[in-house]
Amino acid sequence: MTHNRPLGRKDLLGIAELSRPEIVKILDTAETMWEIGERPVKKVPTLRGKTIINLFFEASTRTRFSFEVAQKRLSADSVNFAAKGSAVEKGETLVDTAKNLMAMAPDAIVMRHPNPGAPHALAEAIPAAIINAGDGAHEHPTQALLDAFTIRRHFGRLEGLKVLIVGDIAHSRVVRSNVHLLRKMGSEVVLCGPPTLMPVGIESLGCETSYKIDEVIPKCDVVMMLRVQTERGAGTAFPSVREYSRLFGLNRARVAKMKKGGIVMHPGPMNRGVEIASDVADGERSVILEQVTSGVAVRMAVLYLLLGGAGEE
Amino acid sequence: MRLPQGNPILIRGGHLVDPAAGIDAAMEILLIDGEVARVDGKIDGKAAKNAEIFDAEGDIVAPGFIDIHVHLREPGFEYKETIATGSAAAVAGGFAAVCAMANTEPVNDERSVTEFVKRRGEEAGLARVYPVGAVSHGLKGKAIAEIGEMFAAGAVAFSDDGKPIVDGTLMRRALEYTRQFGVAVVSHSECPDLTAGGCMNEGDVATRLGLPGAPNASEEAMVARDILLARLTGGKLHVAHLSTRGALGMVRAAKREGLRVTCEVTPHHLALDDRALLDRPFSTDLKMNPPLRSPADAEALADGLADGTVDAIATDHAPHHADEKALEFENAPFGVIGLETAVSILLDRFVSKKLISLSRFVELFSSGPARAFGLPGGTLRAGSPADVTILSPGKSLTVKRAELLSKSRNTPFDGWKLKGRAVATIVGGRIVWRLAARG
Amino acid sequence: MPNDATASGSGSRSRSTRIMDDAKMERTIARLALEIVEQNKGTAGLVLIGIRNRGVPLAKRLAEKIAATNREKKSPPVGAVDITLYRDDLTSIFEAPMVRSSDIHFPIDGSVVVLVDDVLFTGRTIRAAIDTVMDYGRPKAIRLAVMIDRGHRELPIQADYVGKVVPTRISERVDVLLVESDGADEVVISEASAAPPPAPAAASPARKASRPDRKDESGKKKRKTSASKPGRKSR
């Protein structure tokens, strides 16, 4: 089965290769999808009969749930595959796993994998539409799209805004996708974190870096806090959550210095009290829960645009 | 550092050598409220009202000396030395300030220990004591310690000294992480695998004595790695107790390249080499790490003093109890004391022999260390802290183990007759030590 | 979504006849309004829902005329549905059409919904609109008001209120032009240019990928509207 290309492409593997008009199309479509979430019957028959496999090789609750809800709202059939306890543990290669799944004729595969480039390998090997739900530290395109959607809802635009992202920049796929997207849409991005978590050459993506959060916060419209991976980072990158929190945590005092109308975001899950204070996470500037709702709308839009038209070419 | 302040002091009759200020002339210095108020050829009575007159009688007046590498052993090893006794030894040696390493017990790897060390220094009320925080938690060389917290508590630099940082990623992270605070990582540069149990310098003396030796390469390989990491990260690296000509050459090249690399050399590595162990075989007062090297290395270090490659003289003052040093050479702990002999060694062996100028000598003890660690002082420009070291190049010092103020006695210079010594130390505008009988 | 600015298609230019002018359109809308109010015995419970795109301005005009019929000048609530996500022909079109939101900001339960569209043709659009409305609630009744009924039903759908019945050939097209979107009020019937034979919805023949037009199952070439609006849908 071949697919038509509403987005001009078979797969959504990353933001780096998307054009600005494509991004706008996805965001505009997501506006409509948002409205479906406000109806009494949150379902439309658009992808009825389509099979979508959620192929998650890394643990994830929120992203998988978000994709599932999106799939079900479009009336698609969604099937979950978790790598644990599967043939993968017995040594089956990625491509073999996918080919086995292809024998069941899915229309799309939503994939999360710890190795960068894994979805790309799959996209070459099988005809189903591949949606990257996170490949190692490389990209997480739907996260960046939902972040942009949320920002656009609040400010009416993305152009000219200044976005600050704070945290473990080195290991974050969310950062990379967000920098690509925000730059394409005309925003400025500042990355902030301990020097030990700032990857070499990140400025080449088109953003500034800083390790003095108090200096940059007053200039930014959006402050996006990343989860600090205590299971990975503490050790050589930073000494303790106590010190990280004091140097880079978003607390009440720092929020008070934000621009008027500025918003606080977080891709979740949060470490309350580490990178973000509890009362800030629940405070007036926080749009963290709205991001979750945006996530469903954006993922519905992506699925619709990749699968909505499916005649022969 | 909050120290009790005294009355104004007017230092008169001395010759001021302040390389940072470009002064090498007869000057009067007025100290008020812990600060240098004025430096001038003649300061009139009105400005110097109520000032106590300090007659420097033709002595050399210099900015208060700073020893950036000492082990004060408190908390945990008070039987070897305490912050109080170490401070007393420091000022008696002409030092107005010391930097205390973190290999205490508990290790100074967190805020509370840093604050403790600082406070004990203030209680002693003699030399300024600047804590140096650990790089790794517990000095285990695995996880990075709370550098930000310690910096906020007053730590001026970070080091695992005593032990090398073997893990390259940890050293890299340390150099990166400290960039936030503009402080140096002080590296005890040694490859333990290459040292391989060596207890003195590898060479013909060790062979003759039948002792295992540590080759120069053990230090040089690690210095190379540390300099490369300094280049990679843009961090600030200070090489501690540099002892080999190879390492000195690497530091020289790094400075030429513009990297932020500084280094220190101890008086014992300048004044002694492994030949000393032929005269005093198996003397544990000659055992330290890095060990006394070959005469060629000592000569190269002397050249480094003269050509500016070496930034500071630092003693690596490492007190050990006599019982501990009374063990077999291989089993005795590494380390020698040095606070009370450093100035005299340099004056006698280098300044009076015209191997370095008096001005360069003062720089190595004051502005050099201050610049390497970003410390206040190192100069007597108006507004600087009122820390002053008064020296007499003519007075002699005979090193007598039993008369030293340090709690421990492990000096390699026992019995040495040296020409030139400190005669008074002023800290924060108070005369904290003065040589007793005159004449 | 490829959208052209004018009514021109590829191939030969067709002959077109105006079958309603602006005055006739206004009288027709007024009459439809009266019929709606009469059958409903007033305006209680009445809601008008226009089917995007031309159904929406028509619904608004109907609401105004309904307001004129009663002493309180009360006009019923007006909403809009976009039926793109409910189409049954997504599998055979080239591109997923640009979806726009529906806009129903009043309760559906228990109301009398009057769907409003410009032209009733195969009935598939109405079927999709009914499904959309049902996902918003359970109306008391759904009725249908159209400006033109041109025949050729493919589903058992009827209009309750019809402006004009116009028998047509499959090869013709009927366009209701409105001042709000096209600058003038008129209904025009014209001959479409040569088009592929109609094919049943289930087995679509191979379509050339280069064709930018959107087609419904009958093979009729759709009229391309102004760039800002999505293309027209199957009737």
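Read from first to last, the chains carry the letters A, B and C; within each, the first residue is number 1.
Note that in this section a contact is a pair of C-beta atoms (placed from the backbone, for glycine too) under 8 Å apart; a residue touches a chain by one contact, two chains touch by 3 or more.
Owing to the predicted nature of the structure, the values given are computational and were not obtained by experimental measurement.
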Request  = Would you mind checking which chain's C-alpha centre is most distant from the centre of subunit C?
outcome  = B
Key: Chain whose Cα mean lies nearest the overall Cα mean   = A
Inquiry  = As a quick test, compute the distance in whole Å between the mean CA positions of subunit A and subunit B.
reply    = 53
Inquiry  = So the centre of each chain is just the mean of its C-alpha atoms; given that, what is the distance between subunit B and subunit C in Å?
reply    = 90
Ask   = Where the CA atoms of subunit A average out and where those of subunit C average out, how many Å apart are those spots?
value = 39
Request  = Would you mind writing out the residues of subunit A in touch with subunit C in their complex?
outcome  = 4, 6, 25, 28-29, 31-36, 39-41, 43-46, 74, 304-305, 308-313
Remark   = The answer for subunit A against subunit B in the complex is residues 194-196, 198, 211-212, 234-240, 242-243, 246-247
Request  = Under the touch definition given earlier, write down the residues of subunit B that touch subunit A in their complex.
outcome  = 137, 142-149, 167, 169-170, 173, 176-177, 179-180, 233
Ask   = Taking the complex as given, what residues does subunit C use to touch subunit A?
value = 82, 85-86, 90-96, 98-102, 131-132, 134-137, 204, 206-207, 209
